[in-house]
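Paired with chain B in one complex and with chain C in the other, chain A is shared by the two complexes that follow.
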Partner chain A sequence: MSYQLHGSTFESDEEGYITDISLWNEELADLIAQDEDIEMTDDHWEVVNFLREYYEEYQIAPAIRVLTKAIKKKLGPEKGNSGYLYELFPYGPAKQACKIAGLPKPTGCI
Partner chain B sequence: MNAEIATEFDTEGVQKNFMFVNRKAPYGSIYALEALEMVLISAAFEQNAVIAFIDDGVYQIVKGQDTKAAGMKNFSPTFGVIEMEKEDADEDPDIDMVWRIVVERDSMEQRGLTAEDFSIAVEVLDSAELADLMNAQDVVLSA
Partner chain C sequence: MADFETPELDDYTRTPGLAPGAMAHSQPFIAAPDHQQALGFPGELVDDWHDKAIAKFGELLGKYRSLRVYMDICVGCGACTDKCHYFLGTGDPKNMPVARQDLMRKVYRRHFTLAGKWFPHLVGAEDLTEAVLDDWYTYFHQCSQCRRCSVFCPYGIDTAEISMAAREIMDSIGKGQKYCNEIIGKVIKTGNNLGIPQPALAATLADLEEDIEEETGVAVKLPLDQPGAEVLVVTPSADFFAEPHVDGLIGYAKVFHQAGTSWTLSTHASEAANFAMFIGSYEQMRQVAERIRQAAEDLGVKRIIVGECGHAWRVAYSFWNTLVGPFDFLDPDYPAPQHICEFTHDLISRGALTLDKSANDHMTLTYHDSCNVARASRMGPEPGGQFHYPREIIKAVCNNFVDMAAETIHDGTYCCGGGGGLLTDDLLELRVKGAKPRMEAFKAVADEQGVTHMAAICAICKSQFAKVMPAYGYGMDKIVSLHQLVSNAIVLEGQNGEDDDPEDDAPAVEDSSDE
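On to the complex of A and B.
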């Protein structure tokens, strides 16, 4: 699988996670989001940017529980719950948001 | 579909005391990284955990690792997640788990290290204290 953007090809694995994290950019994120039937809003970007910062610091994509907890700490309890995150990313917040953020698939299934 | 929606696990009544004993240098084998993943998974189920570093395992948490020449990913920043889990467990009354991060004194000193050389905050224990702690666990996993 791969994504096409302005004539460039971005390789991804069979589930759509890009292979080279360093090639990620915001336009590519929009394209991956379209593939996931997600229209990116500020709320989506907030989570995606959070994931990228988390990965930058810890070199790992957080599991869903860690994600909700960390978001709660940073953005408050009304956003740090699985309901809110599932509304934004219906097919699994960690999984879908990580894909859009260009990160590897998180361990822990969702 | 229900399985996908269920994000909370009911772990009430199945909490155990785990000790993860890390004995090997971080690179050159997969043991250290696999053990780290296991520790992170135990957090997802709110299990009590002692994460112990002994022998060459103390090198796993040394500051300033550079793995470029080895051509491997430097996963030492991920130990910061363990430290964060421990802090959350200590501070958040909603989280019912106890975590300790410990280093065996002899292993540390024999390698010319002090607690200041580690990237995360640790308790330094004598081997007798560590043995007592190990005896108090339900499950001891070594890697």
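On to the complex of A and C.
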């Protein structure tokens, strides 16, 4: 699989996670989101940006609880819960939001 | 969502009409060359795969006497045919355990029996053609190795062992499964399935400590790499990452806190799961288990306790001793290994935990026996402890508990539908359909007895149900960790609201503690 953007090709794995995470940019994120039937709003971007910041520091996506806590701080208590995150990313904030953020898919018993 | 229809739930599980080929399209992604090679397997399908596969098959038959017996002994009685949740959920006849076994048995007959070598057509012997290999890859990845069928087999043929052997053969010729093999590589590299590096793990645990203190007012610790602790806790890394798993982890921490037992997690062994069992690789299984032994020795602990993970408990309980034992450096006064449920159960039976059952009054619970705990291990000294301990804990912390139908629990339990290395998005259709029998049993107690939630002690079960229950109309929060219930009910000394002085962190004096 791959994504096409402005004549460039971005390789991805079978599930649409881009293979070279250093090539990620915001336009590509929009494109991946479109593929996932998600229209990116400011709230989506808060999540995606937090994932990227966290990944940069720790080389792994944050635990769901860490993510909800961060979103609670940024967007307020009514949005700081996994229910809201699933509203934003119906296929799961860990997997779907990571895909849009250009991060590797979290693996394991999750 | 993939393109398929969620089955309608029946009042009880009926044997479906046959739907030949219904799941022929369902295959997991093939492992990439680097995932294969990291485990010492060929990167991709080798040119002489047929001969290599037959040679490997012969090697396994020599190594595992059980495999040869299972190949020889089936009389085709059919007792297993309607026992597999994947058959019940899909109707695909190749998901009948006997048919799944026969995919391998026909090749066995062709190459390893005299009659099959000379008169293959008379004895149902067949060559390992490309089409047969493809069937192996398809249908041995539609077996969650839950062993329900083996309970009903009059000869005790274990389809799990057959599917492990098939996967081992496929790995050896370069046809491995992405989900399992990528994960095993991560454990070997970072210590856990998720690939969480030490700084992230430490930060996550610190964060949880903060949360617990904020909520309860008590400084409950989740220690990491603490030498000299009494207990090493190994738990699935999903406990650090996912919901409802993390609520169970918080539960363990509160139990240790109230018991006054020092404990630690380990970076090196930050994973209880051992996916190598799913692919039948003894060597990988040994390597993954060895990390735990090594961590226990390095930290100088006296006991090892395993968290809520089904197949990890099977590996620990049934295989650790011969894989990486003896564990003679541990305190002989305690079981080695010990299950977190054994630990909590013991405290409860001694009255050492202060519990307020009403904290769980908003729920009516049922309990899902995880396949590997139910059919491949035990808890405590008595037979059946693996069924009774979890239920007794739930009843000690909840007022409302109802069991599902007798034929769907204990050693007749239905798999969640995601075990055995199948908990991956590329098998979602299989997972949803395979959960049907369990969902039918759940629906019955939900409709008739007001059950609202289901507790489990396996990371795979929890993730699987969180994913598939919504397909059947139940919220993802309907699945809970057993120790989440304990966490809700436990009243810590000095906890907010426990005494009149919530601002004050001083220990409460009202209740007698365990010492």
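In this section, the second predicted complex is superposed on the first by the 101 of 110 C-alpha atoms of A that agree within 3 Å, B and C clash if a C-alpha of one lies under 4 Å from a C-alpha of the other, contacts with A are read in each partner's own complex, and residues count from 1 in each chain.
To be clear about the criterion, a residue touches a chain if its C-beta (ideal position, glycine included) is under 8 Å from a C-beta of that chain, and two chains touch if they have at least 3 such contacts.
These numbers come from a predicted model, not from an experiment.
Trainee: Applying the touch criterion given at the start, work out whether A:14 contacts chain B, chain C, both or neither, answering first, second, both or neither.
Mentor: second
Trainee: After the superposition on A, what does A:69 contact: first (chain B), second (chain C), both or neither?
Mentor: both
Trainee: Applying the document's definition of touching, compare chain B and chain C: which contacts more of chain A?
Mentor: Of chain B and chain C, C contacts more residues of chain A.
Trainee: After the superposition on A, what does A:58 contact: first (chain B), second (chain C), both or neither?
Mentor: both
Trainee: Please work out whether A:82 is in contact with chain B alone, chain C alone, both, or neither, and reply first, second, both or neither.
Mentor: both
Trainee: A:106 contacts which: chain B (first), chain C (second), both, neither?
Mentor: second
Trainee: Which chain A residues contact chain B in one complex and chain C in the other?
Mentor: Touching chain B in the first complex and chain C in the second, residues 57-60, 62-66, 69, 82, 86, 91-92, 107-108, 110 of chain A appear in both lists.
Trainee: Give every residue of chain C touching chain A within the complex, in rising order.
Mentor: Chain C residues touching chain A: 1, 29, 178-179, 182-183, 186, 192-197, 199-200, 203-204, 207-208, 211, 236-238, 240-243, 245-246, 273, 309, 423, 425-426, 459-460, 462-463, 467, 476.
Trainee: Help me check something: in the complex, which residues belonging to chain B touch chain A?
Mentor: It is residues 4-5, 7-8, 37, 40-41, 43-44, 73-75, 77-78, 80-81, 88 of chain B that touch chain A.
Trainee: Going by the contact rule set out above, which residues of chain A touch chain B in the complex?
Mentor: Going by the criterion above, the answer is residues 57-60, 62-66, 68-69, 82, 86, 91-92, 107-108, 110.
Trainee: Can you name the residues of chain A that touch chain C in the complex?
Mentor: That would be residues 14-15, 57-60, 62-66, 69, 82, 86, 91-92, 94-95, 106-110 of chain A.
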